[in-house]
Structure formats: structure tokens, C-alpha cells
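Everything below concerns the one structure shown next.
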Amino acid sequence: MSGSTYGKLFSFTTWGESHGSALGVVVDGCPAGIPLRPEDIQVFLNRRKPGQSKYTTKRSEEDTVEILSGVFEGRTTGTPISMVVFNKDQRSRDYSEIASYYRPGHADYCFDAKYGFRDYRGGGRSSGRETIGRVAAGAIAMKILHALDIEVSAYAEEIGGIRCSSIDLSLCAKNPFYMPDLEAAKKVQAAAEKQMADKDSMGGVIACIVKNMPVGIGEPVFEKLDANLSKALFSIGAVKAVEIGDGFCSARSSGSENNDSFLPPKQKGGPLQKASNHAGGILGGMSDGSDIFLRAAIKPTPSIAKEQQTVTCTGEPVTVSIRGRHDPIIVPRAVVVVEAMTAVTLVDMLFAGMTAKMDSICRFFGRSNSDI
Amino acid sequence: MSGSTYGKLFSFTTWGESHGSALGVVVDGCPAGIPLRPEDIQVFLNRRKPGQSKYTTKRSEEDTVEILSGVFEGRTTGTPISMVVFNKDQRSRDYSEIASYYRPGHADYCFDAKYGFRDYRGGGRSSGRETIGRVAAGAIAMKILHALDIEVSAYAEEIGGIRCSSIDLSLCAKNPFYMPDLEAAKKVQAAAEKQMADKDSMGGVIACIVKNMPVGIGEPVFEKLDANLSKALFSIGAVKAVEIGDGFCSARSSGSENNDSFLPPKQKGGPLQKASNHAGGILGGMSDGSDIFLRAAIKPTPSIAKEQQTVTCTGEPVTVSIRGRHDPIIVPRAVVVVEAMTAVTLVDMLFAGMTAKMDSICRFFGRSNSDI
Amino acid sequence: MSGSTYGKLFSFTTWGESHGSALGVVVDGCPAGIPLRPEDIQVFLNRRKPGQSKYTTKRSEEDTVEILSGVFEGRTTGTPISMVVFNKDQRSRDYSEIASYYRPGHADYCFDAKYGFRDYRGGGRSSGRETIGRVAAGAIAMKILHALDIEVSAYAEEIGGIRCSSIDLSLCAKNPFYMPDLEAAKKVQAAAEKQMADKDSMGGVIACIVKNMPVGIGEPVFEKLDANLSKALFSIGAVKAVEIGDGFCSARSSGSENNDSFLPPKQKGGPLQKASNHAGGILGGMSDGSDIFLRAAIKPTPSIAKEQQTVTCTGEPVTVSIRGRHDPIIVPRAVVVVEAMTAVTLVDMLFAGMTAKMDSICRFFGRSNSDI
Amino acid sequence: MSGSTYGKLFSFTTWGESHGSALGVVVDGCPAGIPLRPEDIQVFLNRRKPGQSKYTTKRSEEDTVEILSGVFEGRTTGTPISMVVFNKDQRSRDYSEIASYYRPGHADYCFDAKYGFRDYRGGGRSSGRETIGRVAAGAIAMKILHALDIEVSAYAEEIGGIRCSSIDLSLCAKNPFYMPDLEAAKKVQAAAEKQMADKDSMGGVIACIVKNMPVGIGEPVFEKLDANLSKALFSIGAVKAVEIGDGFCSARSSGSENNDSFLPPKQKGGPLQKASNHAGGILGGMSDGSDIFLRAAIKPTPSIAKEQQTVTCTGEPVTVSIRGRHDPIIVPRAVVVVEAMTAVTLVDMLFAGMTAKMDSICRFFGRSNSDI
């Protein structure tokens, strides 16, 4: 079945393999009238590209995006937007050995079983480079959110078990780990050096905050906002858990502690305020007007040079050491992917929410027959 | 937008409010030829019904299901299966006061903002009774899985911070908390007594194990098995987090520890085995043949008799004490809901996986033109 | 695969067989705030029910609809609306013989091949009674259209080759054929008497006009308005062709004749007018502001008492004469079904059209950040 | 809303404008293991490209397709297949005048109303070049059908009112009109010369035959095979009507004439035969095993050099003469588009039909637990 399209109203289809000639995305359902230039997409893609620090893969790619359709005289036309990035630095010889065995922690075995064979070069379709399409689509979604005064910011909350003690988002760009706490970043650097010397890898936790969502976005009971956000995040490779608000801590709390009391709105007619935000901004699957807070747990990079046991494609035991240019830590490059997937989900859900009330619909079309 | 339908190939639409005349579900896409009687559905519904212990709501409902279509001479016909349960013991007078304020931790405020008004009786559409439809659909999905030799079992792994130390699924039915460890259940009983005396509530964690899934089920990159399972679980009211396998523990692990080494299959041609299962049975978004393990964190019941601060529908501060018949702990009754949502997702994904390989498709239709 | 749900944003799922206990529909995605009572649905259902004239089936059904959810204090809540009609006058003995052979012109053989067996009673799932759910959903869609000042009117344009020469919609309810021309109706009556004496049946053409659609509704390139309308109409049993505007006559015309010249709008800022309407109100798959005109060709009722050749379920030739209570002409009862399917499609497409322009979306949410 | 994606299980998204840099398609859900080379796609694209005869547009494009993903070592991998064609011969100066008025019979006005502005160059997104993506996707679908021994053949049955008297598909490639009757083609040539001298255009009717479909494909009640085929055909620009089998002639027939009597199968266990095929191979929305026969009516090309009345974008009356390189007759180039849309629909429906019976599903997965 087709599984490479995300979204119902604002939707996009990604394509491309790590070692194919190009990767890209087609965004469908983007409203017309949004100013859009390649630079707007590039700034997001640059946050995910490889070779930016010694702690991420050494593969060197410019990842320059081209917009091939859907834009006229600098604005989106409402027609599909096709964006492409051409691969430049693929080294297929690094991967030829891998064709003969199943790498632990990777999708090799599953792909083989599912399709009968696989493109073994790099991660094929499950490579991190597949996220190029998501981030490009996310950049457009971010424009839409920006037009609606909604902010989305993700950061590395924890790497290798080392947590941030304070959150200052302006510090994220000032360290190679995209952490909002430079002290924590320093400790992570030391831990990372050690892991790399050990030919091993580390995981982490990415947090994401959404500010200023309208109240009531999300479609009960199955297209809830948190349900769709979790699906979006879990679709990112290496994600093994998602929390909304207090997440697992809620499970260990009591009703009286976990409930967020409502308070009167700041301005008359504005959204209610809350005395706390254990809910993480989502109640009953809909936005409650507070900041939305979510977390994604990222497992450690499976491709490590350290020796591992596994089997060949014919089922024989074998010891392997995976060479090639792999990220010791995926987390820093995955932060923008979490932002992108959050953004596209928010846009799709905002669009879905426009048909909730008959009077809004009448107002939208400038028609109102009260005799019904 | 329509949000009450789940699934693409095996799909179902739930309907009904807590205090309306009935609740139900229409299952669409169920294959023909499956033996089905109301008793098959009833056994699952009985696990979720209220009034079963002092630790769950005292509302008394038989929740007897009727099958109104889609079955002929005892077998499914392939046409939509409509199942209905009529509400008997709704007490609207318990809820009239609630119409005037927004209960903390509930969806009241969000529904009002989204739709302009709400059915304030009981939880309305966000009531736990909405899960009747899901469990009925899940019962049919469980039949399909059973025909394919796939098992799904959920249990309460933790309640109020008290964890099970051992797992013996046969013990679940022998305590009111559906825990597979009687020692833990006893401690939970004591803790529950205390919470109820305090007019407060508790949350917990439900775990679910799937055995014997074929390898390669899940549709990269957006319709991954874990992505869809998480969406299914998050759609259940009160869920605030989902983990697959080691979940957040993966984030604190290293690649060498977290990777599961592959081992030769038990029988020639069978699925590979693994030395460990940190992945929880899913790699690259597809089943890897090992047991699938997932967890859902359930927040404590928001409706408590203990006094809380909130606001009225006109934004004035007010102190409330929520009466009515509410579950001090939702977890025991939610276990079957977790099983149901897991089951319907597995079926939908198994169906989706049938078109992965051209040769399988040719075999299915009994046609094969090799000249392509 | 699930095939009993129609629509993406305003969607509904029908269920029920001709000889099962009930039939119904669940409407999902209906906006909140619409006044709705069973009488509103009943008036549409009454136009399709059997036993209304000697020219339609003699089965006697009240077809009284009950609304089981989704309405509170007389208005839609935005939650799913479940509507049910209980079968009363099913005579299963009329159909027992039919179980042994495949009726020509019916879906019996296809159902058997597809599902392995079939509910042979009445038409099972392919019975005309299945349209009850569609008409009920259509009644709600008509309310939405009415609130938006959009009118949908269908009528029998032709029966048994006898065409209406004039169109006066007020005459439709004054003859048993729902024709807007009493002269034509009289001729049809004579032809119908003859066909019935011959134990045979007749087909016809149903036309439908939509007035006052906003311009630009329809989603190129695959979710065009005409594409979706045709799918909706073809889903009605017995439909064998659909035309938009001049339809097949366009194929025999020239560009200069077929093009509709645009004219200035009636009022400044209003929709353009056209000198003609060969296009039938749809250009490039979008509404152009003129009346939308479409036609559906209905084949003659396949169940006739006249002798026919066919085969038994084991492939043996057999001569049959189909008894039971069948419509000599389906067309009059199908008119409201054409209206219903047109209405639900228009609503779904109107909703889809709300996200076409960024500035409208900003206006809808009351937010506008021009710095994008 | 997103409207540029077609299909549920085998799906594709087209993108690109007539005068943008490129056009393309991403095919998602194509099974793995199908041999695929650019030449396989090119042979279909060559049947639609411009400049092939004096009766079609003089724009000169090679329309060479490149496959950028989804193929490895010559076979489809099961991952998305991105195909691109770069525009070479776009002449934007031919269209600058058109920006100021709304061409009759075109989507200009609708696009402007829908999106607020439009890419006026060529037909923009509603240009015939948009069909490049469809035909490329259709080429892949044809491979799948070929593997299943299913044939799809379309031809021009009628142009400018001149019908074929005989059908010999081998003659289609021997005349510029793709007609299976050289006599008719000669008459059309004369008529075409006259129309072109008149600066006018002609329409026609394209017929399509499908041979050897399995019985029972199609998903009642809304995802019927004919319903989806009609939607697919109506999505092609310029289509104004669709017929299945006898179409409108059925409406004027009687039940005894229109019913197709069933006959015993040719071989034991094979599909039933029928004495006639008025139904066009589809009954109750499902394939009945006979040849599927459908027709699409194509309106005459709206862009003509002959003078027409219309209005400017500001609503002022204006007389125009549309220059540029336009097809006097679209029909010959649209034949392969009808084949393509038919093919992709058949594949999607064949895939959908795989989950109709529980025993087939058990057989597919090689598992069968009879204790259900």
C-alpha cells in the first residue's frame, strides 16, 4: 500500500533513496498566495545536513533545493509544489559489503522480508536522507503557521542521559548538539568523545513547544491532535516513544495534582488560562490554548564500528563492524525533523478544524440563510 | 472534518454519547466468511463495562450488544457490520450542574470552543462509554488475528506508581486491576482505598504484547506500524504517552547495548530470531518477527470529588467538587480498549501489506504472465 | 477493502441489507449548530419509499427514521449522527428460490465470486433499500446547502424513451413519475401499463440542477467537482452513464459553438455571467458560477417476471421468472437518491475549498501576520 | 485541499505546469519486483506528445522521461517512483496577452476565483501537459495489469460526429486520429481540414475495452468499479460524459432486452459467460468477467483562433482570438490518457479486492487457524 504520503488536507509525498540520484517531495494542498523562495526552504534544510560537526556524519552534501512547480511570480499558486535535492556525495563502495548481511537495529531484514529484495546502499529508503523531503514540506508548513502567528520550536532536551537544566532557545545554535543549555552541551561533548572512541553511539530526547494555537484544534475521536502528532513523530526513523505534557509522569500522579485548573482569560474573549500545564496543551485530543509540549525519544544510531553479532542474508551467523560515514548522534540533526513533522500536522489539523461550526462556514462563504 | 472513522482497509466508525439513547459502531471492510455471533463481541465488552468493582464507576450497564447487519447464517458477509448498545442507566440529573463550568482535565472547554456548545451530560462524546464501539470493532479484529494465529494481550503493568515485578497473564482476571502480579495488585488495592478516601484518583501504565506477527508489516515511511499503533493508542482518552520496546530507556542507552543481534531462524525458512528485543519487535517501522511490545501511559481520572479551582462558562472563577459516578482508576477498564485499538491497527496493516510484492499478487489472483 | 463510506470532510457510512433487521447511516463531520429533527430527514425518505404507486414496488414500509446520536437540544453537536430505519415488511419466502440461481442484470454472481457466498434475500446489500442511508445523509447535506443558499433539484427528464418537453418543477409531485411535464407523464403512464402487462420493466434519465454555487469549487486535478459528482452518481445502483452539461452533444459540437462566452457580472463583484451554459456550470473541474446541470442514465429494473435464461449457482442452464415485489420503474424513486448524492458531494467539495487561499484562512482564524 | 493525488493503495501524485521547468509524478504503492526501465514509460508518453501530426498542436517536445527513484538493478523496490519530464519548448510570449482576459471554455476564471490569481502561461496546471504524469503512472499500472494477463485498449470511436463502423485495433497506429477504421479516419481528415480552415475545433468519443478482469472487483457501495472509473475519466480535462456498456441506450431499453443472460463457463471453474454484454462488464459495481466497455465524451478544444466574446479580468466585455499552438482535436492524444486512467483505477481496485475473503487472506499469509 502507498505509505509515503502524509496528511489529508495539507499533504505531501516524499521520494528518493540515500544513494539514488535525487530526493524530493511534492506538497499538495498548500494554499495559494504564500510568498515562497528556495531560500525559505534552504534555511531549514541546512539545519539537517551532514558534515556540520565532528559529532555527526562526515558525508558532505550541499543539499541545495530546487523548486520545480507550484510557485509563480514568487507566490504559491495552490497547485502542487515539487522540490528536489540532488545527491552528490554518495559512496556506494562503502556499502557493498552490507548487501550480504542484516545490520542489527536497521530495517534491512524487514525490507527484505517485505519486498523480496532491497536497495542496500546506504539506508536506502530508510536512510536519514529521506528526511530531506519532510523538512522541505515542513518549511512550507512553518510559513503557514507563521502567517497564523503560531510558533514551533524544538530542541535537544537530553543526549546520552545528560539533561538540560535550563531552557534558553537562543543557545541552541551555539553548540553542535542544539541544546538550550551550554553546560549540558559541554558534558555531552565529553560523553560523545568517549562514545566515538568506543566506536559506539548515543541517543537522546527531543522536546518541542508550540505557542499560540487556537483552542479546539483536533478531531475527536480518532483524528485527535495528539494522536496525529504522535503518528507524525513516530514516523521519523529512530523514534521509540512520544510523550505529551507530563507523559509518563502523569501515570504516577493523582487527579488533584495532574488536573490543570482553569483561570479567567487575559483579555475578555481570549482563551482561558491555566494554573499549570501538566496536560501539555492538549485535552480530549484538542488544543486547549496553552503551550503544546511534546517529547520524542530517539534511540542510539544503530550503525556503529564496534563489533556486533548478526546473520548473513542466508541465515548464517557472522561478526560485523559497520564502516561508512555514520552519525554517532542523530539527535542534533533530528531536531528540525521533529519541528517539520509537528508543523505539517498542525497545519493539517488547523485546516480540518475549519468545518466545525455551521455559522463559521456561512461566514466564510459570505452567505447566511437563517431559515433552516 | 470527519474524525470518527479509523482505518483504511479494515475501518470502523463509532457513534454515540454517554447520555444519548445508544452507542455503536459500523465496521466496514471486514472480510467475508468469519463466524460471528453477538457472544463473540460481548465477551470483550464485558471486560470494559462499569460497576464491576468498587474501584471503578458504579454506573450499572449491561452493555448488551446487538448485531444489526453484515452477518448471514452466522458468518460475516463482507458488508458493513452495524453493532449497537443501548444506554440504560444514564442519570442526567447528576450532570446538570456541570453544564455551567469547565471541569479541569476534561475536554469541556475545548468542545465548547470548537463547536460553540456541547452535550454536557456525562462526558458526552468524550465519555469512556465511547470506547464501546472501539471494543466491539476490536473483537472482530481479534477474530481475524486469531485466524492468522496472531495473539494480542494487554495488561496493567503499573497503577499509581506500583509496578508489577512478574508477568503471569493468567492472574489478570483474578484481581480487580487486571494486573498479572497479585502482590502488586494487593498494594494497589491499599493505595486505591487511600485515594478514594481522599476523593482523588490514580493513573497507570498499560502494556500490550503481540505474538507471531509476520515479518515486514508496516508501510514506510508514514504508515509505519509503530506510527499507526501510537496514533491508535493516543486516540484513547487519557493516554499521555506511548512507548515501543524500551522506549525512553533507548534514549539513554548506547548503540551496542540497544541493537538486537540477529540469530538464525528456529526452522529453515522461518523468521530470524534476535538475541534481545530492545526494539520491541518493530524496526524501521515494520514488524521484525519478534514479539511486539508497547506501552500506553494513562493519566489519573480527572473527575474527582475533591475540591478544585476552575472557571464557569462565562469565565468567572469557581470552586467545584465533581460528583457523579466516576472511576477512581480508569486503567483496569482501559486494558481491553488498548487491546482493541492494537488489534484493529494490526489488521489494517496486515491488509495493507498484501500488495508489497508483484509475485505474491500474481499468486493471489492465480495469474502469472512472466513476459513483463 | 472498506467501500461503504463516502466523503472526505463531510462523510457517511451506510449499513444494512434489504432483509436484515434494520438499515442506517452514520454521518461524520457534520458541522455543529444545525437545527435537526427526525421530520427533516423523514420528508426526504418519504420520497423514496416503496408502495407509493402502482408503478413501483408493492412492498409496504413506513421507513420511519430515528436519530440515535449527534443531536442535542435540537441542534447537531458536531459529533457523529447515527440514523436508523427498521425493516418491517421483509418477506424472505419470496426469495428462497433465488438462492439457487444468478439473476441476470443483478450483482448476485459478482457477490458470490467476490465474497464466496451472499445474502440472497432481496437484493441483500445491493438492494434499493440501501439507498435509505444515502437519502438520510443527503437530507442533512441539503440543510447545509440551504444555509448557504444553494439549491439542488432533481427530476425525471425521460422514462422509457419519452422525454419531457418542458420543465416545471412544481409539477413533479403531481404525477407518480416525478416528471416536470404532465403531458410526458401521461404518455409514460400508458407505456408503463404496457410494460407491466408484458412483465417487463423500463429505464430512464434523471436530471439534476444546482443553483447558486460559489465559483471555484472543486479540487484539480483528481478531486474535480464533476469527477466526484460522477462517482457519486455511478455509485447508485442501476446508473450506467453520467453527463455534465451538454455531455455527449459536446463531443459532436465545435469549439465556437460549445464555448460559453463570459459576460459581465449582474452586480459589481458578483460572479460572471455566461451567454450560454453548454459546460453545465463546471469548467476545468470547478464550478463556474452558472447552474450546474447533470444527468444520470438509469437502466431498466433487472428483476422482471418475464421468463429469462440464466444459470444456477452450479453453472447449469435454467429458465427463470422472477417473482416478488419489484419496481417496474426505478426512476421515480431514484430521483431523491440523485439529489442526495449530489448534495453530499457538493458539501464535501465546499468544505474542501475552504483552504484554497492563505488570506481566507488567516481571516477565518482572525489572525494575520503579514511578515511572511 | 490536496487534489493532485489519485488512488488509495496504488496511488500517484502529479505536479507541474505547462510553462514551468518540469512536470512529473510520484507513484506510491507500486509493488516490488517489477522490471522497469525509462523506455517502458517512454513508449506510452510518445503516444501523447505534441507535434506528431498537423491535426494536433505544433509545440515540439521530446518529453523524455527520467526515473529518479524507486528502481534498483532494473526492478521496482516498492518505494516511491519519481518520474520527471523537463519542459523544453515553452513559449511564454504566446500567452502574455491571455493574462488579461478569461478564455471561454477554459478554467481561467475558476482558477482566479479559487486561488486569487493564476499562472496564466499555457493552460498552467490545467494544461494538457499535466497528463504527462498520469500517462507515466499509467505505464506502470499497465505493467502490473500485463503481469495479471489483463489488457486495456482505448481508441477513438468517434470524432466530430463521424463514427467508426468497424473496430480493428491494429489500424489505430496507422492514422493520425487513432481510429480503428481507416474509412472513418479519412472522413475525419476532411472534416478536420475544414475546421482548421474555419479556425475552429472538434471533439469526439474515446472508447476503452478491458479484457480478462477477474470477477468481483469493485467495492460496494461507494467504491464501485464503475464509480471509480468514471471519476478517473472525468478527471481528464475536456471530458463531459462517461458511459459504461450501453450507457444512455440502457435508459431507453427494457429489462428483458437489457439484461445479459448468464451462460455456463467455457471451462469448469472458469468465469460464467453471458449471451450479451449490455452491462459493459460491470454489474452491481463489480466486474462480471466479461469485457469491460466504457466511453468518454471529449468536448472540442476551447482554444480557437476564431473570434469569441468574453470579458477581461476586470469584467469588461472584449473580443478575442486565441493564438498559440493548440490542438484542433485533442481526441487522438487523449486516447492514451484514457488508457492510463483506466489502468491505474483497475490496479487500485484489484489491490482493494484482495481482502474480500478471510480464507484468501489466510492462504496469503500461509496461516490458518480453523478454530475461530
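For clarity, chains are labelled A, B, C and D in written order, and residue numbers in each chain start from 1.
What we mean here is this: a contact is a pair of C-beta atoms (placed from the backbone, for glycine too) under 8 Å apart; a residue touches a chain by one contact, two chains touch by 3 or more.
What you see is a predicted model, and the numbers here were worked out from it, not measured in a lab.
Each of B-D and A-D has its own count of C-beta contacts, and the greater count is at A-D. Each chain's centre was taken as the mean of its CA atoms, and the one lying most distant from chain C is A. Inter-chain spacing, taken between the CA centroids of chain C and chain D, is 25 Å.
Centre-to-centre, using mean CA coordinates, chain B is 43 Å away from chain D. Each chain gets a centre from the mean of its Cα atoms; for chain A and chain D, those two points are 37 Å apart. With touch defined as above, residues shared between interfaces to two or more other chains in chain C number as follows: 1-5, 8-10, 14, 29, 32-33, 78-79, 114-116, 125, 214, 220, 351-352, 355-357, 359.
Against chain A, in their complex, chain B makes its touches with residues 1-6, 8-9, 14, 102, 104-107, 109-111, 113-116, 125-126, 130, 158, 160-161, 195, 198, 200-205, 214-224, 226-228, 230-232, 234-235, 237, 239-248, 250-265, 268, 271-272, 275, 278-280, 283-289, 297-304, 306, 308-311, 315-317, 352-353, 355-357, 359. Residue ranges on chain C touching chain B, taken from their complex, read 1-5, 7-11, 13-17, 20-24, 26, 28-29, 32-33, 68-70, 72, 75, 77-82, 84, 114-119, 124-125, 351.
By the touch rule above, chain B contacts chain D in their complex via residues 8-10, 29, 31-35, 76, 78-79, 143-144, 146-149, 214, 220, 350-352, 354-362, 364-365, 367-369, 371-372.
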